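There are structures below to look over.
Look for chain A in each of the two complexes below; its partner is chain B in the first and chain C in the second.
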Partner chain A sequence: MPSVTIALPALLEPVTGGVRELSASGETLRDVFGNLVRREPRLKPHLFDESGRLREHVLCFHNGVNTRWLDGWDGPVAEGDTVLFMQAVSGG
Partner chain B sequence: MAERNFLDLSLLLAKQGPGGKEQRVSVRLLVGTTKGGFWLTSRDRREWKVTGPFFKGWKVTAGLRLSDGRFLAAVASDIYGPAVYATADGRASPDLDSWEQVAEGPAYPEGGDRRLQQIWTLKENRGTLYGGVQEAGLFASADGGRTWVPVPGLNDHETRGGWMPGAGGLCCHALLFSDDPDRMWCGISAVGVFRTDDGGATWVPRNAGVSIVLEDQEHKGIGTCVHGLAQDPSNPNRLYRQDHSGMYRSTDGGDFWERNEDGLPTAFGFPIVIDAGGSALFAVPQESDEHRVPAGGALRVFRSTDRGDSWHSASAGLPSANAWGTVLRGAMCVDDLEPAGVYMGTTSGTMHASSDLGDSWTNLPVTFPRILHVSAWSQ
Partner chain C sequence: MSPTKTGVPRAGPGAALDRAETARYARHLVLPEVGREGQERLKAARVLLVGAGGLGSPAALYLAAAGVGTLGVVDPDVVDVTNLQRQILHGTSDLGGLKVASAKETLHDVNPHVHVEPYPEKLTSDNAMEIVAEYDVVVDGSDNFPTRYLVNDACVLSGRPNVYGSVYRWEGQLAVFGVEGGPCYRCLFREPPPPGMVPNCAEAGVFGALPGVIGAAQAMETIKLLLDVGQPVAGRLQIFDALAYRWREIEVRRDPGCPVCGDRPTVTAPVDYDLFCGTAPTATPGRDENGVAQLDPGDLIAVMTGNTSRTWDPADLLRLNLAWDPTDYPDLGFARPFLLDVREPIEWDAMNLARLGAVLVPMGQVPERLDKIPRGRPVVVYCHSGVRSLEVANFLAAQGYDEVRNLEGGIAAVLETNPEVLGLGE
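And then the complex of A and B:
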């Protein structure tokens, strides 16, 4: 099963004990997200809301592509892919 | 924060311990801001040592020291949502550098419509912890904050369809308890006060006498906007209420409220606190509900020493001009010493302390981010 590198924003350091980079495996992004929050359950409410979607102001990029532009989370991932979480920034 | 041994030192303040024995104590304040928490510690309530920020970048919205010695802190982010953190152990001097997020904190069900946005207050009563949250609701923990469950009797109340948010959101922000273990009150903006008399199973709005600010077409008894609650320590059914519509008190556990505004320059404000001896109430009037600034740019505290019959300015030492930051509902508190210390932080990030029940104030040499929460502990 492919392993994906996941980068987290600095603001979530207290949640993970200072860890900014994790790995999670899965065949799809949905698998990766599921395995990530199973491994780090405290991250779940900070990345995803009660509906299961990304929180409104959380951005997620899969290999540099905004996941909101994707047709869902069921596309395949490959070994070495990157997933970057960051907060939405609009203006200064 | 290199002061974890601070509480172990021989200190100058004193309070009466068991058997009337004098104890040496210090005072610790938690100042929660929009960008982190700060500790202020003092051995004499005149000189303060500042440490922090911790949870840098997060709002620190509530704090609680548990009976087992641990601290809890509620944090929130507009981006990443809320969480509860706890210090690691319950020793006399807990490691304040070591916080761990509670894994099963307050949470609304997945797939539901409610969103947990912020934890506004944390309280402990008879070994049970309570958290009042936004969107408005109440959660309880029977294991020292490690796991939390909703209180459905309130969260799914029959009037919920008529609950409307105030300017600060739809939030449960005030919790009071009784010597009757089955009785408890909560305050929700902009809904009103609810009371349970059966240990939280059922709740009844208790707002008679309070002007309605947002009337609901269907549900009556709500639509008031409680901003702050205080309780006479010698009589839990004597309640004080800073409401959007004015200042009130109740002598019957909230069955009926009457206005008590004599001497207040305006009846609008947010915090109301009472000292541990029940001798003085404190409030911070604001110019109006539209302007929400100190009237005339003078930061003034009003005090009542006759159970709310009359109010008088107790503002000596506070900025009397060009002070436009005001005090939010959670940003004022008292300690349990004699005479009581009174502490408040403003939306401008200034901190003000009194060590003599409000007779005089010191403006502390700090400028924090906007201050959301201030709580005090002596030890």
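And then the complex of A and C:
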């Protein structure tokens, strides 16, 4: 099963105990997300809402492509793909 | 004035440089991309800075030094000692004074040829359109989500570019929104995070030199827009990780469904951004619009200890009785609330309310640790002064907790009134 590198925003460092980059495997993005939150369940409410959708203030990029522009999360992923999460911050 | 390719008004006549200015801007004048014409364009330009804080400070300093003719500075705040670690417009002698006053003084010293227009007020839905219309470009250095959405909407509605920056701990973001009909902030972030989910700089900290990098980049992007040179950071967002020293870039596309800049806009005038962001201020004394009530520290001690010698508001007690488990204090008919401390562990170590049964769940961990916060029992949330905890209380109320209270004034108020209940040094 392909393994994907996942980068998290600094904001979520306290949630993962300081880890900013981890990997999760899956055949599709949906699998990868599922395996990610099974492995780090504390991430789930920060990234996804109660219905499992990405929160509106969170962005996810699969190989640089915003997942909101994709036709769902059921497309295949390949070994070595990157997933970047980032989110809105307001500090000034 | 004729528009540039980015829609920024081009300076007209009347901006000729005098001898002193020609000497001052010599290093610009030799740059082919600036030259005399470009420098005169800067002199005729008007830039609005929203916020004279961490981002606004370096941005304003570089814009003033570069000779941007008019700088508007909007900020209602006074200089606090905690600002000085990064807000380099202000100094120790400015403590307690209006930020716009020290900004004006500092910028005048940097470049007396620049006119500074101070606005010692908050940018609001009522004044934003009028103020923004006076300027060519807006630099967003605000420190909260409601203002960021307001700046975005006012810029889109006024056709002004929004040079956006934001910072958090060691991470910064930079983008130019609203040029050439391009994407706006709402195309990127349709909605703000739920209240309490993303801490601000006061709660989470910010590395002092980080806004120096991002704010200076905002100034650079602003000057490029005014000169109409190079490629603005439009249609993309730059993310800077200071710890790793790494810049990432992500593509940002205009969203045809965007409520402000989309094909069928539904936001055609500034809205109520506190309502939009769920940060509406207290509607009636002691209670905010989400129904989260404030709890007086004296009442907290009464309910946590069972000592009701304090005079209760009968209506308040009745309300508590509705949801409280009467088993803890059978004589009194109500239960001990779950007392939730949302500060950081280092703050907890210094002093806490463990004697009253408090449990620590730092604010940033609340969303994924809801299982630690019981339902069917009242929850009283506290932090140092009552600000962070109000956000968490709102968040919990939004999550369906039906009896949530915010400890008014936080643990600082308890320290003031009942220091004996604090576990100082424990």
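As a convention for this text, the second predicted complex is superposed on the first by the 87 of 92 C-alpha atoms of A that agree within 3 Å, B and C clash if a C-alpha of one lies under 4 Å from a C-alpha of the other, contacts with A are read in each partner's own complex, and residues count from 1 in each chain.
Everything that follows uses one rule, which is that a residue touches a chain if its C-beta (ideal position, glycine included) is under 8 Å from a C-beta of that chain, and two chains touch if they have at least 3 such contacts.
In this text, all values refer to a predicted model and were calculated from it rather than measured experimentally.
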Chain B and chain C placed together on chain A: clash or fit? clash
The answer to whether chain B or chain C touches more of chain A is C
Query raised in the report: So, A:L22: does it touch chain B (first), chain C (second), both, or neither?
Result: neither
Looking at A:P14 after the superposition, I want to know if it touches chain B, chain C, both of them or none. Which is it: first, second, both, neither?
both
Note to self: Taking the superposition on A as described, I'd like to know which of chain B and chain C A:W69 touches: first, second, both or neither.
What the structure shows: second
**Q.** Touching partner for A:H46 - first (chain B), second (chain C), both, neither
**A.** both
For this session: Return first, second, both or neither, reflecting whether A:Q87 touches chain B, chain C, both chains, or no partner chain.
Result: both
One more residue to check, A:R55. First (chain B), second (chain C), both or neither?
both
Clashing segment of chain B (vs chain C; choices 291-299, 309-317 or 327-335) is 327-335
After superposition on chain A, the chain A residues reached by both chain B and chain C are 10-11, 14-15, 41-42, 45-46, 55, 57, 87-88
Note: in the complex, chain A contacts chain B through residues 10-12, 14-15, 41-42, 45-47, 49-52, 55, 57-58, 87-88
The residues of chain C that touch chain A in their complex are 51, 53-56, 140-145, 148, 165-171, 173, 188-193, 197-198, 200-201, 204, 206, 211, 239, 241, 243, 248, 250-251, 253, 362, 364-365, 367-370
The answer for chain A against chain C in the complex is residues 9-11, 14-15, 41-46, 55-57, 59, 61, 64-66, 69, 84, 86-92
Chain B residues touching chain A in their complex are 55, 57-58, 75, 77-83, 85, 99, 101, 103, 105, 107-112, 114-116
